[in-house]
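First chain A sits with chain B, and in the next complex the same chain sits with chain C.
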Partner chain A sequence: MELTELTECVTSLSCVVTQVAAGLTIGMLLFLVASGLTLIFGVLGLVNFAHGSFYMMGAYFALAAYGVTNSFAMAVLAGTLGAALLGLLFERFLLSRIYGQDVLMQLLVCYGIILILDDVVKIVWGADFRSMGVPDAFRQPPFLIGGGIIPYFYAILFGITALIAAGLAYGMGRTRFGRTVRAAAINPGMVGALGINTTIIYAAVFAIGAGLAGAAGALSAPIRSVVAGAGVSILIESFIVTVIGGMGSIGGALAASIILGLTRSFGSIGFPLFVEGAMFVIMALVLILRPSGLGGRRG
Partner chain B sequence: MGFARDAGWALAALAVFIGLEFIGLRSAGFVDFVIRFATFGLLALSLNLLIGTAGLVSFGHAAYFGMGAYAFGLLMQTGQWSIPAAILAALAATALLALVVGALCVRLSEIYFAFLTLAFQMLLYSVILSWISLTGGDQGLMGGIPKPVFLGIDLARQEHLAAFGIFCLLVSAVILRQVLRSPFGAALRMLRDNPDRAAFVGLSVFRYRLAAFVIAGTFAGLAGVLMSLYVSGAFPTFAFWTTSGEAIFMIMLGGVSVFLGPLVGTAIFLMLNDWITALTEHHGLFLGAILLVIVLGLRKGLLDVIVEHWRARKEKQP
Partner chain C sequence: MSDSTKAGLRRRGLLGAAGATAAITGFPRLGFTQPRQPIKVGVPTILSGRVAQLGISSRNAMQIEVDAFNAAGGLDGRPIELVVRDSRGTPAEAARLAREMITSEGCEFLLDAEASGGGFAVHEVVRETGTVTLHINSETSSLTADPRQRFWNAFRVARQGVHDSIAGGHYAAQVARQRNLRRWMTISPDYAYGRDTTAEFVEFARSFNSDIQVTGETWPRLFQPDYTENITRLSQGRPQAIYSCLWAGDLVTFVEQASIFGLFAQSQFFAVNMADYTTLQQVRNLPRGVHSGNRYLKNFPDVPGNLAFANEYNRRFNVFPTNWSWQAATGVRLLTTALRQVGGTDPRAVAAKLKGMTIESPFGAEGSVTMRAEDQTLVGYAIGWGTTVSQDPFVENMQKADWAMILRLEAEWKRAKGWG
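The block that comes next holds the complex of A and B.
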């Protein structure tokens, strides 16, 4: 514990600005993954244990596209669309066969696909750690606010993730598609009886969820190392987000992601060895005090 | 009555095994397989108390496997403990961990439960990785585990360890079967099939599930002890999520509805695993594909299918 350093940081404006900026960026990336997980749960009623694998695949697709085109925009697009397509195939050919079966079946199918994807990645890209590195276009001087440093690329990442989050909120809240999806989450039978094809809705929601995870993987490829098996740790984190925010609640997921992002960035100064533990403590507290989560319907 | 018969079968199985060892089936491969079978069989059997009997799908069962292994290994490395005492202490530590995690998890709905047990297991995993001064981090518990002789049993000898492993497995199986036969076991099945009704007739859902969770965790801890005796150490992968996944895979292979199903599944899994490892380095690819075929094709374990056929035939010919 280096609590004196934490107090020093919290009392100095420059340090607070730096850490809050880092925390928000980490939090927003986490939100992209977690919102996909919670969206799939809310509509399809199943937990996608393989969600982290779509994050990982997004990062690898981005890496490959970046190597070919040298454009970060193309890399993110490839990561997002690639993961969404993979999600679509996964849902159509595997998951849809076990709808209505117990959790054990869902878990086993996801376990199988995690094993397969981890090995496919090793075969295609090798087992070593890889990193994209910050693209040249974003190697700009950092922003200085109140003496705090905000890396240029972090600001860009925050902007992109905020745009995606806003798009998601608009899409789910304001459009006809979003209303249909929300209706299907509450009463799929009735939605089907109204002549709407729920099979397509389910497939689309799964693809969007997987695409969000892929986008997060692609966006964080320049700042984190990409490695086979990386999916599980992000899966656990986004699950903690879903528990804190409430299963199925996108607003709750946003709040929880930012809480966890800030816990990570300030925790790395104050209690570097206990950062993960701190996230679990927050989760345990939420489970005991408010089991349905910050914005959840019911546990 | 039931107990006496089970105990008789268990004694007979133990006698047959020791007899086999005596008449010369002492090849390293066979003994090695038996030790692994006892270890993972016990892990799968204990997990099936949760999945098959109580309907609690835990994806974090390897946490107790890892805890048993590390607790036992650390106690033995102090050099002050005899093996039976260290086993009992390791089981107590595992039961305590299961009590704490279970108290947080068993109240939750099915999906939350699966995920939370996984999350707490990964917490234990990262504690093992980062508490390097105690656990050796990703190198694992190094330096070997001393195995002082007790009651004439020398666990440093593989044949003794194999017989000891089979003994632990059989004793645990007899105890677990008694648990299933008891009113407590009947209550667990009722909780699985209709928790609302169980609560309605006055059972404490929380207490029964928690008790099942602690019992299953403790036996998984014993499996962990066997594992740490087998490899003479303890490694973080014991508590990694893949170990839990493998245990669920074993149960799935054998079947959840038959008591000995998980043991059949363990034997199949170990043979499958050895075969794939010898064949290819892309272990996950093949294992994952086989898993998907079985899950999506059969939708239940091997023994489940056989027992169902057998029952259906019996009904046709009264």
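The block that comes next holds the complex of A and C.
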């Protein structure tokens, strides 16, 4: 533990600005992945262990699109839509057949999807890591606020992810589609009895969830290695977010993602050898003190 | 009728004569040209994931050398057959593959192309089986420096962490003195290679320049997807210089992220593993002036043999070789030289030939490399440090390390550790 350094950091404006900005960016990228995971669980009751693979595919689709168009906007669009389409295909042809079945069957099918997509990536793009690199337009000097450093590209990332989060909140909270989805999550039988096609709702929710993961993969492709199996580590963190935030709660996922982002950021100063452990400690505390999670329904 | 009978007899006689001729002359010839039993050489390595290039570029270089050996007639007509398997970077799987290659697939030798974690696992397997094994890619010093790790049938053909650390420490100390770099931080992967190599670098850099102070360190885990938290820690420490032994995809990711934080404008960066084509060509905007040790460069050593190797590799695989490639090529050359000198595959005889063997090599500091007898590890390979530029040749101002100094300090280091 390096508590002296942590104390010095939290009392220094430059350190707080740098660490908060970094923590928020990490947290928001994590939120995109975790919100899809929690949305799918909340509505479909499916623990999507293959969710990280859609993150990975989003990164690869973005890499391919960027190679052709040299446009980061097109890359993000391709990553998001490509992952959503892939999610739709898997939902229709595989996962829809195991709704309501036990978690072991879900795990088996999802693991199959992980292996298939990892091998597809190796066949199409090769087994070696790839790098997109930060687009030239975003290679600007970092912002200096109060002596703290905020990279230009991180500010862009934060802006885009915040917009997506706002859009998701609006879509789920204020639109007819969102109300239907929430109703289907609570009582799908009643929604079906009202003449709404729940099959389409389920497919759309899965595609949105996969698209969110794909968006996170595409957005982070310029600063992370793009490689087969890249979804595994983000999946583990997404599950932690889902548990802390409450299974099915998007608001809870947002809060949990930011908590984890800040824990990573400040933890690297105060307890660098226990950052990973700290996340699990937080998860354990939430499970003990509030088993339904920060945004989950009690009882 | 009689004509036809005669014709039939003549035909049978002709066939008989042809058969007899074939029996006398042809069959022995057929027997002579039939390929003889190949010498199987097992290659456990990593062919997938973030460091797949380790296995791919090792395998490619081995194949070039093996093809040349086989085309030259092999070992009295026996070609070498490489049996390459993917451990996916899991030490337990590397050990399982090594055992399977030896016991089930009939491999007589191993060219272990695992990274350090897997390399130590394979090491324990061959300690038990007595298979002659050349570790191609494990750079952790203790693999051969620690006497407890040594046994007759295991050799290291890879560069060694302590050699790089002495050379790097000497270079860094000089730069630190010239630019007055006193406050240093480190970022290296959190496993045996990262910890050992960083400690050795710091030890030697400080021994050459006692003004160097390490004020902080950060240890990302191997294959960590995001380095933001490590970079902000480095940034907060405001070091004048940063040392790293991150490698391959991890180094590329770190450099990309650190660049947008402006870290390299704030601090001098010393990355022992930067000057390797697999890294240099993946970093989209390679910062100018990063200090790096040579991993593999086609112009260092600047000799025709090295350039020819790079061009042949590039012609066949459409990319340039890596550090793992020159090590793999050297491993095959040492093994095939020993096989030819022995004239067979007897493991004790081959191991005895390998001990102390010197071969001409385009990768040698002075045109040759030696498998040092006392600890069965490679010495005399080219080591140098320079600074990066964004285009080919990627590194300039290469300063060649002095092997006399490396060997002297290595011996002191071993004595200090009780390994002398």
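Going forward, the second predicted complex is superposed on the first by the 296 of 299 C-alpha atoms of A that agree within 3 Å, B and C clash if a C-alpha of one lies under 4 Å from a C-alpha of the other, contacts with A are read in each partner's own complex, and residues count from 1 in each chain.
Everything that follows uses one rule, which is that contacts are C-beta pairs under 8 Å (C-beta built on N, C-alpha and C of every residue); 3 or more make two chains touch, one makes a residue touch a chain.
Quick caveat, the model's predicted, so the values are computed rather than measured.
When the shared chain is aligned, no partner comes close enough to touch A:A216: not chain B, not chain C. Shared-chain residue A:L273: touches chain B and chain C both.
Residue contacts after overlaying the shared chain place A:P141 against chain C, while chain B stays out of touching range. Within the superposed three-chain model, A:V47 lies in touch with chain B and out of touch with chain C [touch as defined at top].
With both structures placed on the common chain, the touch criterion links A:V120 to chain B but leaves chain C unconnected. Contacts of A:Q101 after superposition on the shared chain: chain B is touched, whereas chain C is not.
Shared-chain residue A:L63: touches no atom of chain B or chain C. Overlaid on A, the two complexes show chain B and chain C touching the same residues of chain A, namely 122, 233, 273, 276. Residue ranges of chain B in contact with chain A, taken from their complex: 51, 57, 59, 104, 107-112, 114-116, 118-120, 122-123, 126-127, 130, 241, 245, 248-249, 252, 256, 282-285, 287-289, 291-292, 295-296, 299. Against chain C, in their complex, chain A makes its touches with residues 9, 15, 18-19, 22, 25-26, 122, 126-134, 138-139, 141-142, 149, 151-154, 220, 222-225, 227-230, 233-234, 264-265, 267-269, 272-273, 275-276. Against chain A, the residues of chain C that register as touching in their complex are 47-53, 56, 218-219, 221, 223-226, 228-233, 235-236, 248-250, 252-253, 256-257, 259-262, 278, 282-285.
Chain A contributes residues 41, 46-47, 49, 94, 97-98, 101-105, 107-109, 111-116, 118-120, 122-123, 232-233, 236, 239-240, 243, 247, 273, 276-277, 280, 283-284, 287-288, 291, 299 to its touches with chain B in the complex.
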